[in-house]
Structures are given as C-alpha cells and as structure tokens.
Amino acid sequence: MGEIGIAQVVLMGLITVFVVLICLIIIIKLMGAIMSKAAPATPAEAVPAAAPAPAAAPVATGNKQQMVAAIAVAIAEEMGTDVSHIRIHSIKRV
Amino acid sequence: MGEIGIAQVVLMGLITVFVVLICLIIIIKLMGAIMSKAAPATPAEAVPAAAPAPAAAPVATGNKQQMVAAIAVAIAEEMGTDVSHIRIHSIKRV
Amino acid sequence: MGEIGIAQVVLMGLITVFVVLICLIIIIKLMGAIMSKAAPATPAEAVPAAAPAPAAAPVATGNKQQMVAAIAVAIAEEMGTDVSHIRIHSIKRV
Amino acid sequence: MEAIVNFLKSTGFYLVSENPLSLIMLVVACVLLYLAIVKKFEPMLLLPIAFGMLLTNLPGAGIYHAELFEGGHVHWEMFASGVPLANGGTEAVGLIDVLYLGVKLGVYPCLIFVGVGCMTDFGPLIANPKSLLLGAAAQLGIFVTYIGATLLGFTPEQASSIGIIGGADGPTAIFVTSKLAPELLGPIAVAAYSYMALVPVIQPPIMKALTTKKERMIQMKQLREVSKTEKILFPIVVTIFVSLMLPSAASLIGALMLGNLMRESGVVERLNKTAQNELMNTVTIFLGISVGATATAANFLNVQTLSILALGVIAFGFGTAGGVLLAKFMNLFLKDKINPLIGSAGVSAVPMAARVSQVVGQKENPRNFLLMHAMGPNVAGVIGSAVAAGVFLALFGS
Amino acid sequence: MEAIVNFLKSTGFYLVSENPLSLIMLVVACVLLYLAIVKKFEPMLLLPIAFGMLLTNLPGAGIYHAELFEGGHVHWEMFASGVPLANGGTEAVGLIDVLYLGVKLGVYPCLIFVGVGCMTDFGPLIANPKSLLLGAAAQLGIFVTYIGATLLGFTPEQASSIGIIGGADGPTAIFVTSKLAPELLGPIAVAAYSYMALVPVIQPPIMKALTTKKERMIQMKQLREVSKTEKILFPIVVTIFVSLMLPSAASLIGALMLGNLMRESGVVERLNKTAQNELMNTVTIFLGISVGATATAANFLNVQTLSILALGVIAFGFGTAGGVLLAKFMNLFLKDKINPLIGSAGVSAVPMAARVSQVVGQKENPRNFLLMHAMGPNVAGVIGSAVAAGVFLALFGS
Amino acid sequence: MEAIVNFLKSTGFYLVSENPLSLIMLVVACVLLYLAIVKKFEPMLLLPIAFGMLLTNLPGAGIYHAELFEGGHVHWEMFASGVPLANGGTEAVGLIDVLYLGVKLGVYPCLIFVGVGCMTDFGPLIANPKSLLLGAAAQLGIFVTYIGATLLGFTPEQASSIGIIGGADGPTAIFVTSKLAPELLGPIAVAAYSYMALVPVIQPPIMKALTTKKERMIQMKQLREVSKTEKILFPIVVTIFVSLMLPSAASLIGALMLGNLMRESGVVERLNKTAQNELMNTVTIFLGISVGATATAANFLNVQTLSILALGVIAFGFGTAGGVLLAKFMNLFLKDKINPLIGSAGVSAVPMAARVSQVVGQKENPRNFLLMHAMGPNVAGVIGSAVAAGVFLALFGS
C-alpha cells in the first residue's frame, strides 16, 4: 500500500480495534435481547456441555446408596479428567 | 571423503564411541561432585514430578467395604483399559 | 479406457460387487471349516482382547483399610495425572 | 483519506457487495451448523464441514485458495511463493490450503478408515457370512444413482462420485470424489453425511412398504460364537483377496483392515487406541474443514448441487430397497428365514442403519432383537461400497 | 592421518572456533531453560523454544537450515535434493527444517488457537460486553510500541511484529511475525512468552500507580448467567462479523472460534478433547522447537534483540495502563462502577492477567472477588489482539 | 467383451501371473504377521511393518511408488501430477507414498526418539557412570558387522546401515538406513526388530559361554540415589557435549534428550504425555507401514536380504560378547566387582536386554537383583549406538 505514515497506522489501528469491538458489544447485546425475548433464559450452568450427573440417576436404586455415591464420584471426577466416554451398562445385585 | 579403508572406519568408529562415552563418564562424575558440594542431595524420589497424594484424604472415610468394591472395580478397569472407556458391567456384593 | 456405456458400467459394477462378496462368503466358510477342524472353538467372547475383570479379584480380599488407602492414593494420582502413570508413593495405615 | 478508502475497500462488507452469493453460502453454512448442533446430524463431520464452508466464503479472508489445486494438480510453487492475486501481488497460503493437501493426496479418508477398522467388530459378519449378499445388494443404490446422474448430464467421473453417496460411507465417498470429481466435494460430502443422519427417517417407510407384517416379525437364530483366530485372519484374508480381485479398492480395504487387525490382534493396544481416538479425531477435524472449504459459492450455488441432493435420496432409497428385496428373495430358498428388515442395514451408515432395523423390527414384535443380525449386513456394506468405489476408480481413475 | 584431521575438523569444537558466537547462544539457551524449568516461565513453550535454540546453534549439526526459507519462500527443490554446502556437497534437510514448515505456512499458530478456543469460556464476556472496551484499550501497548520500534529504525513490518508482543498472545505474535518479519521470530517469541510469565511482576506497580485505594476497593455486581444458546451463537457471530470487517483477521479469529464452537456446541466432545489436548500438545512441541531454531547467533546476537526486549516491556506496560485508564474513564459515566483493576486484564495473557487483577484487588479488600469480572476483558483482549494483528497484516502483508 | 478382458487384465490375479514373486512376498508378510501376533515379536513395529509389506506387494494397488523417491531425491512434481505409468497415463500417489515422506526426511525416527526419551530413566546410568563403558563395548557388534558386510561386497553405505542393526535400536537403524541405503530399509528394519524380539534367545548362550558360574553370581552394591537436578542437567549436558564432539549425531541425541528433558523437568507434563503416547503411537504406525512398504519383491527377494539376516545375528552376538568381555576386563581393576552379565545389556534393546541380564543372573543366584544395574548399560547402549550412527553419517553421509 505504498507510503503510509506512522500516525496513520496507529490511528487506523486503534480506531479499527475500537470500532470492531464496539460493534461486537452491540451484537452481543442484541443477541442477549433476542434470547431473553425468545425464551425464559435457560442458564448454561443448568445445562452444562457435558453433564455427568444424570448418568448416576438410573444407578440410584436399591439400598446401595453409598456404593452408588462412591462410584458416581469416582466416575464423575474421572470424567472431569479428560479421559472420556463413561458408560455404565448395568449394576446387578447378586 | 574419498577412499577410506575398512580398518580406518572400524578404528575411528570404535575410538570415537569410547572417547565420547568416556568423556560422558567424566562429565557425569564432575556433575555429581559439584551437586554434592552445592547441596545436601535432595533425592529425586522425595520430590516426584507430580505428587497429587493429598487428594487421597477425603476418599479414605465413610463405609469402607462397599467403597472398596466400587473403587477397586473402577481402578481395575482403568488399569486394564489404559486410557479411556470405563465400563462397569456388573458390581457384585463382596 | 475410452468409451464405455452406462449399462456396461452398471453391469460390471454390480457383478463385481456380487462376485467379490460371494467369494468372501466362500472364503469365510472355508476359514470357519478349517478352524472348527483344527481346534475345538475357543470363543472370542471368552478371550476378549482386553480383559480387565481378573484384576479386580486380588484387590477384593485382605486387609481392607490399607487397601482403601492404597486404592485411594492410586485414584487420586490417576485423577491428578489425567491419563496414565499410576504411581503409589506410599501406603499408610489409616 | 485515500488510505481509509483503500482500507474500506478491503473489508469483507465491500467485497461482499461484489460477490453477494457468498452471503447465501454463509446462510447455508449456518443452516448446516444448526443441523449439526441442534438436530445432531452427524455432528462430528457436519460441524467441521459447515465451519469450513463458512470460512471459505468470507470474502477476502484467503483461508482457502482453489487455485492451488486447479487442474487436478498440486501447485507446489504457489505453496512456496504465495498465490497470485488479480492486482499483481501475491497472498500467502491459508490454513485450509495446507490442510486440504491431506484430502487431495487421499490421506485423510484412509486414516479415518484405519480408525473405523479399529472400532468395527466383524464378528456378526463372520458368524453369518450370508450377510455379505445383503451388503452387496444394498449397493444397488450406487449404480441406480450412477444411471440417474449420467442421464442428468453429469460426466461419468461425477456420476460415479454422486453414486457413491449411496454407499453411505463418508470416507469412501470423499476418497472417490477427491480422485474423480474434486469440484463436487462440498455438495457430495454434505449430502452423504446429511442423509446418513437421516437414515432413521428415510429407511423405515421403504422397509415397511416392501415387507409384510409377517416378514417383519421373523425371529432369527442366535449367532454362533466366533473364535479369536477367525477374527484375526479375517482382515488379512479380506485385504489380500479383495485387493487381488480389484487393486483399485486396495487403499480403502487395506486401511480398514489394518485398523481391524490392530483391534483384533490384541498385541498393539496402544496403537489401536490412538488410531481410533486422537489420530482419527485430528484427521476428522482436518478433513471436515477442508472438505467444507471446497464449497465456495461458485461450486455450490448451482443446479448441480440440487441435483446431487435429489440423487442422494434416490441412492439411499434404492440401497435400502436392494437390501430388503434380496433378503426376501433369499428367503425363497432358505430354511432358516432371514428377517428382511436386516437387509436395509446393508447400506452401512454404521451403526445407525442396524439400529433402524432393530427399532422397526421391535415395533412389530417386542421380543425381536435384530441388532446383532443387522450388524452383519451393516459392516458388509462397508466392504461392498469400497468394492464399488474400486470399480469406479478402475474405470475412470486417471 | 589425514582422515583423522578431517574428522577432527568436522567436530563441533573445531567449528565453534570458527563461529564462537554460537557458544554464547548455547548459554542463552541454557538461561532460557533455567527460566522455563526453575522459574517456571511459561514452560510449555519456553522449554521447547530454548531447546530448539540449543539445537540450532550446535555447529555442524544441520538440524535447521535457514537457507530453505530464504527470501520468504519455501525452497522445495532443496527439500527434495538437500541443502547445498559451501564445499559443493549437499546436506540432507534436518528435523526442524521439516517441522518449521508448519510455522512458515501459518498452520501451527492457527491450530493452537483452535485448542485455545476449546479451553476458553467467553461466558463472562457475554455477560458483561462492556469488557470488550477494556480489551480494546489494552491494545494501546501494541500501537505505542509500533511507534517506538519505527523510531528506532525498524521497518514497518518489523515494527508491527514487535508491537504485537503487547497483545500478550503467543500464537498471534508468532503468526504475524512469521508472515511479516520471520527473521525476528526468535527474539519476538522469547520476549512474548517471557513477559507473559512476568505479568505478575510487570503489571501490579502500574495498576497501583494509576488507581486510588478507593477505586481498587470497588466491588462489582455478580455477572448474569449466560444461556447455552448465546454461548453457541457467539463464536459463529464473531467469526462472521469480524472476518467481514477485517478479512485479514479471519484465520486467527476463525481458528479460535472453531475451537470455541466445538466446546460450546457439546456435540463433538471427542474432537473438542483431542483439539485441546493431544493435537495442541503436539503442535506446541513442534512450534516451540521450530521457533527457537530461528534464533541463530546471526539473528539473535545483535542490538535489535535488545531493542525488542526493551520494546516488549513498553508494550506490556502501555497495554496495562490503557486498560486501567479506560476503566477509570468509563467510571465517569457509569452508575455501576467498574473496578479499574480489571482493565489490566485486557492485555490477555489468559488467565494470568485476570489472576493478577484478583490478587491486587483482594489485597485492598479481602472480600473482593474480581476473577470472573477480569475474565471478560481477559478474553476480550485475545479478540482485540487478533484484530490489531489483522490491521497490520492488511497494511503490510504481501 | 473387450471391456471385460481389459477389466480382468487389471485384476491383481492377472498381474500376479506377470510378477509371481509378489506372491512370495505376501507369504513373507503373513509370516511376519504371525511372528508379531502369535509370537509377540515386537508387535508395535512388526505388525505395521508386515502390513505395509503386504500392501506394497499387492500388484496394481499403487499404494506405494518407489519411483517417487528414486535417486535419493523426493520428486515433488510427481506428488503434484501423479506417477507416470508404463502405458503413458499417470497414477495418483498412494497413502504410503505420502506417509513415507516422514521416513525420507528423517522425521519419524527422531520423533520416536523424543518419545523414547520421555520414557527413559537415565538415573541408573547417572548413579553408575561406568555403565557407559559397557554401553560403548557393546557397539563392537556394529563394527564387526561392518567388516563382514564390506567383505560380502556391500558398499560402505550399505555396510554401515547393516552394522547399525547391532545397535539394537530400531529408530537409529532406520534413521541411518534411510539416509545411507534406503534400498535396504525393508530387510534391515525386519532384521532389527526381529532380533530385538529374539534377544532372550540370542543372548543367554553367549553370556553363559563367556562367564564362569562365580562371575554370574556376583552381587552388586545398591545404586546411590540421583538428585532431580542431576537428572535435569543430564540431557542438556549430553546434547551439547555429544553434538559438539560429533555433529552428525546431533539429530538423534538431541531428539532423545529433548524427550528426556520434558520428562525430568516436570514442568511440561502435558507435552511429555502426548510425546510418549499419542504422538509416538501415531508416528509408529506411519513409520511401520512406510518402512514395510519399501520391501518390494525386487528389493527383498534376493541374496542380500539373506546376508543381512545372517549379519544381523552376528551383530547381536558380537555386541553381547563385547559388553560381557569388557565387564570381565574391568573386573581386573575394580574393587567392587561388576557382574559381567550386565554387560550384555549394553546392546540396548531397552528394556529387554536388561531383563535378560536379570533372568540369567537370578538363575544362578536367586537373591541377585541385576535389573537396575543392567539398566545403566542398557540406556548407555542407546547413546553408544547413536554415536556410532553419527560416525557413519559423518563418513558416508552425502
């Protein structure tokens, strides 16, 4: 782009950064406004991307409460540690 | 490097290997000497790279027997499968 | 391969697919016949590629308390180290 | 002042005004993201494909340059010196240009097939080798679609690539298309993965239309157990035999069976795990965004794409019908009847199509468990499509 | 006898006598290893960088050849036939020559950004979009440094690369530098990662100097909860909007947001995990040693490097000040006051800078929890730096 | 009709009739698969190698084309435009063509060495540096084999590559061979990994023949504890010193020590894990099938291969003897006697050879625990072989 002064670069840079980020503010606010109208906010915390808790539910039968707790904790934390894909196929009483 | 005889290659090779490795002996001994002077040896075993031991405490309470079974199964499978995919096919009362 | 009609392509394609897969049927049957002659079938289910179950057995016996500690440490480390390397640094009586 | 004008002229908003079709492509990409995320249409591939489509259609972004691969060749000199621009300058190659090399050189689909092989249990197929006939019959859709595409004016190379959609195997479709008709990669990949996700919608009506209630209630004998030795020999024997019959299918079959051998041999568990997890995931990301990136407005927004989407449904439909009908035909001769519902699983789309057989069967007869029986034709269909792909590559490959 | 002499002449000890500066570089590499291992200065990158620096400065080792990338081009023919030596022979390409291709073609920084996106929660930013202003203001350091570097005689391309150090984002700095001033990759990477590690030392005095005790004690309202839908839409919307505004920022923003979409969509968990773990770790190793390898004695041991190290501090300092001062300015108009300490987090250096805000804030007011509030400007700073990078690439990119 | 004839002529069965030797190679590949799977001979590498050998010998499959790498160069133009065929057409590059680039450019062996470094504990070597002498003596096999190979008519480059089999380090052997005599990659890799698996068969008779019962019963003093600092300094110091002494060994030693530094530093645990798991596994698969693919009938089915297999045993045997004999010689001067059984571990083949020392020792004296003492020479052997490799590369490298 040929000759371009220091001041021009700095001004153009700062202005661009501010303009782009201010536009993003507006976009986010619009998005939030539409969301809150469209639906009564379902908070992300209540629907986390990976929700290990429900997996415990079917297990929570019988009098094995503590065992269930232990397994659930171990598994849940295990899931937290990156290793992936826990499947409890069945827990049988003998 | 043009013509080079078999004997030359073999001699040069063996000599180089021995010289380099003998120098390494000297270097390691020097390093050890400096270390032992610099500080009263902190053995590696005492300062393991990653020592998460404290996390064990909260687990070691509560109803032992059932927890043992649950956790033992979890560990066993973990060890067997090495990286991922924990599947509890069945848990039997001990 | 120059000019080749639609019908030719379709016929050749379907015939090839069927011929190849029918040959595979014959090969599999032959293989099965040889197997059943060679040895009294050792079912795959009985010798799974990765059989972690036995590992649980030795764990489920003996002095419970120390085992809890040991296992708890193992789990804790497992959690801390994310993927592999189970190292039991110490097993203390609780 | 002039600088500012230049700057504004370089924004995407200005460039969009020159190429407004890319806006439509952005909408298409967002629709695909919606299908992937909300409708859960094969998200593992559709999400990266859709994002690649989005990135490639951002005017001026320069993340993918089709010029680098024009004429079926890789233009290394441009990788070295940059891509020439209209204004005489050059632009550095972008991220997806580099990633696309793996598609162009046929590496990604093969590596994904190694991972698929690691995850596939051919046991049900070995236990019931007749399944292979159903897996063969379900390739009918491929060839019917080939006819249709040719009649619609596609070249034989393009018609082959479109036909392979009916194989319901993403990697096979992408492998063939990248060799024979790379200009159609975008629409074919989108069609293949979308219809795979739609298998539970497309198949049941066809399955019900072609079978009687009595047929759907047929219960099948339990499968025999398969020895470990057979499972280990299977991938070796199949690789050798199929590759000798049809050398052009060797890459796909070889990759699939290498993975399966790593699985069944049990002696390379570390490699098996990496191949089916991290390696496959990495390649899936790279493959998805690269394939998506070929879907530029020029390549995607034309009547061809609509034809491909229409032909794709035909492919899945005829494949389903082929499998079901051959099962009915086989029942004329068999003592132990086959439930024709497992025939539809021959289109592959592993394991979705097998589950559809199970669900449809259980609706008629709640005690009917067809899943394992359907897994036979299901995995046979993968081999069948690879063979069909080999035929096309042998006939039309350069 | 002659053979022995030849052999001795080929040892590094002899070669060192011809190029004693490489010894100094070995010392520098060891100092960096010390900082990485003992002082824990961003060891994930500084350790590989330092080791790459060590390898490249071993005379005669031939692990990296700058000639392969001279003139901004990749010389494929040398990859094929070896690198010509002074004595007329050729030498095979080395390990880092191959790995460096990923830097040269801009692949590694983008892939790392995919991983960063997978690990970044933009929730606090969406909950409090005003954070973006602080993230913008903290880019002040970039432009102040640009001025300084230009006045010191650096070319505009070099000055831009040096300025981006102030963005406190490693991948962004390396991406821009590899495009605009690859000869400065070594010192710029070292400066960027060292100062990121020094954020807890550089920032607090500036933060305290520019704020009153009362300001530092301001408590902020708890952030609202952000819906999953907003989190999913965010990466898509930002990619499209920013890329249309500034196409040259599309690669970085697109890669970051692809990763974030993989995270937030929740439907591609396998891909998300691989992208942020194994893929990112692999690329980090390759990137680190490649970047380190560019730091040869000729490139590193000159007054430029000292200038860059000095300018780097200026960049971080002015960035910190910019964020803090804008927060104070905004407080003139806001009813719910912002604690200006969170402004400094706008330089990114995620999540270190946010933690600094928390620590400094808690020292004045033990019940003050600024961490989540500081995460907003913190992640906004990543976007801000990518935008600033886009401006430089648009102005000075080939 | 003609089409069908053409089609039949393209099948592998027809092509086999023109090149029946490939059938023999398929049998060889199956034998190797048997050794890998049933006999568990180093399956991690032998299984991929054998499968690569199988794929490359399927006539017409076109998965690997030796022409792409003819004359020691990489022919990029063929990667771009396809491989010319006899009939004037071209064929697209295959999967293994692309994967082989990593061997050709020397990347895979180095990356595997990074992983090996991550898994190696040099503690026993640091605790007992005398081990290095045993690790040096065990390289005797390399040079004896070099003499033998030269006398059998091999070129010095080939003889070097064959000799390195005696180093009992797969990556080192493959690195040297890919640089000096790529045409021998197949047989050398097969020999190296087979004999490594056969260490428990080859070594014990030699060890017993060269030692007295009394010597085998020697108990050694427990090793001192090694400080963390020493373990961290070791890889840095070794890299610098060995690379300055012998620049041509820098790639191998540098890669090994980078991995070891990542392990011992403890500050880059994520990188350490990926390098020794997923990265290493991926590279192992790619390396194995690429190396196997070079074993075409023309390259493998000749008297050279038999010579190489014979020379390989000689290499292992003399290496074992060298280590044992030097230990005995050292005992003439030492107060604390060395058990000469640990000398054999100097051939590397980590950790198999060390286990052999332990087993043979315990047979004479059940309370004798030699494993940790044998680990010293064992890991020293890895350094020793890399140094020997460096000598050959310095003398005969282009």
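Here the chain labels run A, B, C, D, E and F in written order, and each chain numbers its own residues starting at 1.
In this section, a contact is a pair of C-beta atoms (placed from the backbone, for glycine too) under 8 Å apart; a residue touches a chain by one contact, two chains touch by 3 or more.
Owing to the predicted nature of the structure, the values given are computational and were not obtained by experimental measurement.
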{"item": "Relative to subunit C, chain with the most remote C-alpha centre", "value": "E"}
{"item": "Of all other chains, the one whose Cα centre sits farthest from subunit B", "value": "D"}
{"item": "Distance between the centres, which are taken as Cα means, of subunit F and subunit D, whole angstrom", "value": "38"}
{"item": "CA centroid of subunit A to CA centroid of subunit C, Å", "value": "33"}
{"item": "Multi-partner residues of subunit F (at least 2 other chains)", "value": "7, 76, 245-246, 269, 273, 277-278"}
{"item": "Where subunit C touches two or more other chains, by residue", "value": "1, 4, 12, 50, 75, 78-79, 81-84"}
{"item": "Subunit E-touching residues of subunit F, taken from the complex the two chains share", "value": "73-76, 105-107, 110, 114, 179, 232, 236, 239-240, 243-248, 250-251, 254-255, 258, 261-262, 265, 267-268, 270-271, 273-275, 277-279, 394, 397-398"}
{"item": "Subunit F - residues contacting subunit D, complex", "value": "7, 10-13, 15-16, 26, 30, 33, 36-37, 40, 43-44, 47-48, 51, 54-55, 58-63, 76-77, 79-82, 89-95, 97-99, 277-278, 281-282, 284-285, 289"}
{"item": "Of subunit A, residues touching subunit E in the complex", "value": "1, 4, 6, 9-10, 12-14, 16-25, 27-29, 31-32, 35, 39, 41-45, 47, 49-50, 82, 84"}
{"item": "Residue numbers on subunit F that touch subunit B, as the complex places them", "value": "123, 125-126, 129-130, 132-133, 135-136, 139-140, 142-143, 146-147, 150, 156, 225-231, 233-234, 237-238, 241-242, 245-246, 263-264, 266, 269, 277, 380, 383-384, 387-388, 390-392, 395-396"}
